[in-house]
Amino acid sequence: MTINWKWDMFFEAFPFILQGLGVTVGLTFACFLFALIFGFVWVFLRRIKFKPVNWLVTWIMEFIRSTPPLIQLFFIYYAWPMVPGIGVSLTSFESAIIGLGIHFSTYIGEVYRSGIEGVDKGQWEASTALNFSTRQKWTKIILPQAIPPTIPMLGNYLIIMFKEVPLASTIGVVGILSLAETYGTDNFRMLESYTIVALIFLALSYPSAILINKLEKKMNRRFDKKAALQDSKGAVV
Amino acid sequence: MIIINAMIEVFPVLMKGINITITVFIFSSIFSYIFAFIAGLCRVSNNRLVRGGTSIYVEIFRGTSLIVQLFWLYYAIPMLFDVGIDNRLAAGVLAISLNYGAYMSEIVRGSILAVDKGQTEASIALNLSRSQRMRIVIFPQAFRMMLPEFGNYLIQILKATSLVSLIGMTDILYHGNILRSTNLSAAPTVYLLLLVFYFIMALPLIFLTRKGEQISKRGVAS
Amino acid sequence: MVESVKESNSSNISNKNIKPIVEYKKVHKSFGDVEVLKGLDLNIFPGEKVALIGPSGSGKTTIIRMLMTLEQPTSGEIIVDGKNLWHMEKNGKLVPASEKHLREVRGDIGMVFQHFNLFPHMTILQNCMTAPVQVQKEDKESAKKRSIEMLEKVGLGDKLDNYPNQLSGGQKQRVAMARALVMRPKIMLFDEVTSALDPELVGEVLEVIRDIAKEGEMAMVLVTHEMDFALEVADRVIFLDDGVIAEEGKPSEVLEESNNERLQQFLYRFRS
């Protein structure tokens, strides 16, 4: 067993790899934004009551969700331009936004749905009783209650997407993973390079996860009165 | 017609990689569960050191990206064990199962903690020992709660197997990529077929997950 | 023997002739800043039936939970059948009890809970059999036989293979009692066992407790809000208020003749 590790190379590689952080983080937020918007499309489509459409939408979502995002990226980057008639050539950055964005929009859509379903049925009945219009029901009553509880869940997906974004290096997006690969092959220092990437991910995602965890607890206290009550009562005698 | 022809040409090529894909999936699933149960039980241990050590493992693997772990292990394994094992298979399976083992250990831990406290109290009142309490009363109930999430993670693991092509394992994606690089016009057929392939493999897992949801709903009412 | 115990209790609770099976000595218990028990001294004698009454938060449930080792006293000692429950001797010094020590001492104690706490993944019969087989290493056949007998005794001989979620609350509580009784405890603790039941199901559960009490040899501690039942079954009633014993004695004395103002207020709420 020989561990081949050079600290000087590690420190030399660090600033080089860090240059890619802007692209990685930028792509993360771009994908996230895309997924947030596209998630609404799924919610809307799933509310169509017409059976065949509903069935089709459900299975399309299931298809996107249960197939590898890596292959979806390849499909959009390599195959889409070749599709006769509707094919368009996209840059690797655009492909990544669309590919990962659509993949995660199916998860985000479910988050929205759980938020909406989490609103008590009585709220719909009450707003009907008060003669609100459909639009008013959504904007004044339902959404203001449905959205806040989903924020921590959405935050979790932001972190998950951050960790999926390096997949985009396979179609040529130059983020931290690509730079690590470049440095590693040029200098034969693969282990140091990838360790640096791992450390960068850990340094960003771990504190974010803690932050979101705290937010979640705070939200739970605000929206779940039972939990709040137990909390303030302390030990039950 | 063109499409059918292309499929007839593409399909057998992809099939060459199916063994690798399935092998990686099966080994990764088994090891993921093993890591998940060990780590999950360690995280509810009374021993601080055990608990702390395990949470470091869990946080490191949840905090970094699977693809990064895969590359890291691919280069680290030959240094750590310079034996003649296929380090690509080892790296692939180990990366996927350490990663998902860490995620699933949270499910194991959460489910154990979610079992009603009254169950522990009743088993203390019946004078069951600590290990009997876990084995006879808590774990069987927690296990039912784990089922739906465990099914979901099987699908995630299946999706993750596509990554092993990146370290040169000749799975279905690897063969697809080679085909695409020699004949770009085949790309739509290649990737569409690959997606359908994965979806067909995922279907039983999707139904398994739904089954798990039913069992889990049935089992918890007291 | 039961008669003699009763007499000794009514005349002088700290009778020297009969050794108590449970002794609480200056037991304090706090949850955070809240002190729920403020120096409890209490003896329970073999075969004695004690009813603990009092407003919620008075510490009555805590008393039996400490005896079942579900809650650790903040200070003081609890002696069970001559053995210290929460402490053990090691190199001549008293140290906190190990899990092993706790298991040895609490073997004589059984408990029935407010929310039944049956094992949902086991049949009724398995619920009863598990502990004798696993803990007391009893032979499976004999444990099964005794469990069936016990379940028949509580009127559930026809439900052996049912799961808890197929039973009514009253039936569940009767299973819980059978489960505890199969272990042949010397002391049985009842923690508000009828509070979670629909009113029409309370009777069947009290009926079973009445039967157990009649057999006599087991000491019973009942935390209860059923005053009439306490009057009927208990040898001694203890009224707890604000972490101390505020009144104790024969049921008729405590429930009907006491002048304690807090007790009057408390009882008034149950007699409307």
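Each chain gets a letter, A, B and C, in the order it is written, and its residues are counted from 1.
In this text, contacts are C-beta pairs under 8 Å (C-beta built on N, C-alpha and C of every residue); 3 or more make two chains touch, one makes a residue touch a chain.
Remember, it's a predicted structure, so these values are computed and weren't measured experimentally.
**Student:** Of the chains shown, whose Cα centre falls closest to the middle of all protein Cα atoms?
**Tutor:** B
**Student:** Using the touch rule from the top, point out the two chains with the most contacting C-beta pairs.
**Tutor:** A-B
**Student:** Taking each chain's centre as the mean of its Cα atoms, which chain lies farthest from chain A?
**Tutor:** The chain farthest from chain A, judged by C-alpha centres, is C.
**Student:** What whole-Å value do you get for the distance between chain A and chain B if each is reduced to the mean of its CA atoms?
**Tutor:** 19
**Student:** From the mean C-alpha coordinate of chain A to that of chain C, what's the distance rounded to whole Å?
**Tutor:** Inter-chain centre distance comes to 53 Å.
**Student:** Between chain B and chain C, what is the gap in Å from one C-alpha centre to the other?
**Tutor:** Distance between chain centres: 48 Å.
**Student:** Identify all positions of chain B at which a residue touches two or more other chains, and write them in rising order.
**Tutor:** Answer for chain B, listing residues that touch two or more other chains: there are none.
**Student:** Which of the residues in chain C come into contact with chain B in the complex?
**Tutor:** Its residues touching chain B are 68-70, 99, 103, 106-107, 109-111, 113, 115-121, 130-131, 134-135, 164-165, 176, 179-180, 183.
**Student:** Under the stated contact criterion, what part of chain A meets chain B in this complex?
**Tutor:** 1-4, 62-63, 65-72, 74-75, 78-80, 82-83, 163-164, 166-167, 170, 177, 181, 190-191, 194-195, 197-198, 201-202, 205-206, 209
**Student:** Which stretch or stretches of chain B touch chain A in the complex?
**Tutor:** 59-60, 62-69, 71-72, 75-76, 79-82, 155, 158-163, 166, 173, 177, 180, 184-185, 187-188, 190-192, 194-195, 198-199, 202, 205-206
**Student:** Would you mind writing out the residues of chain B in touch with chain C in their complex?
**Tutor:** Where chain B meets chain C, its residues are 116, 118-119, 121-122, 124-130, 132, 136-137, 140-141, 144, 219-222.
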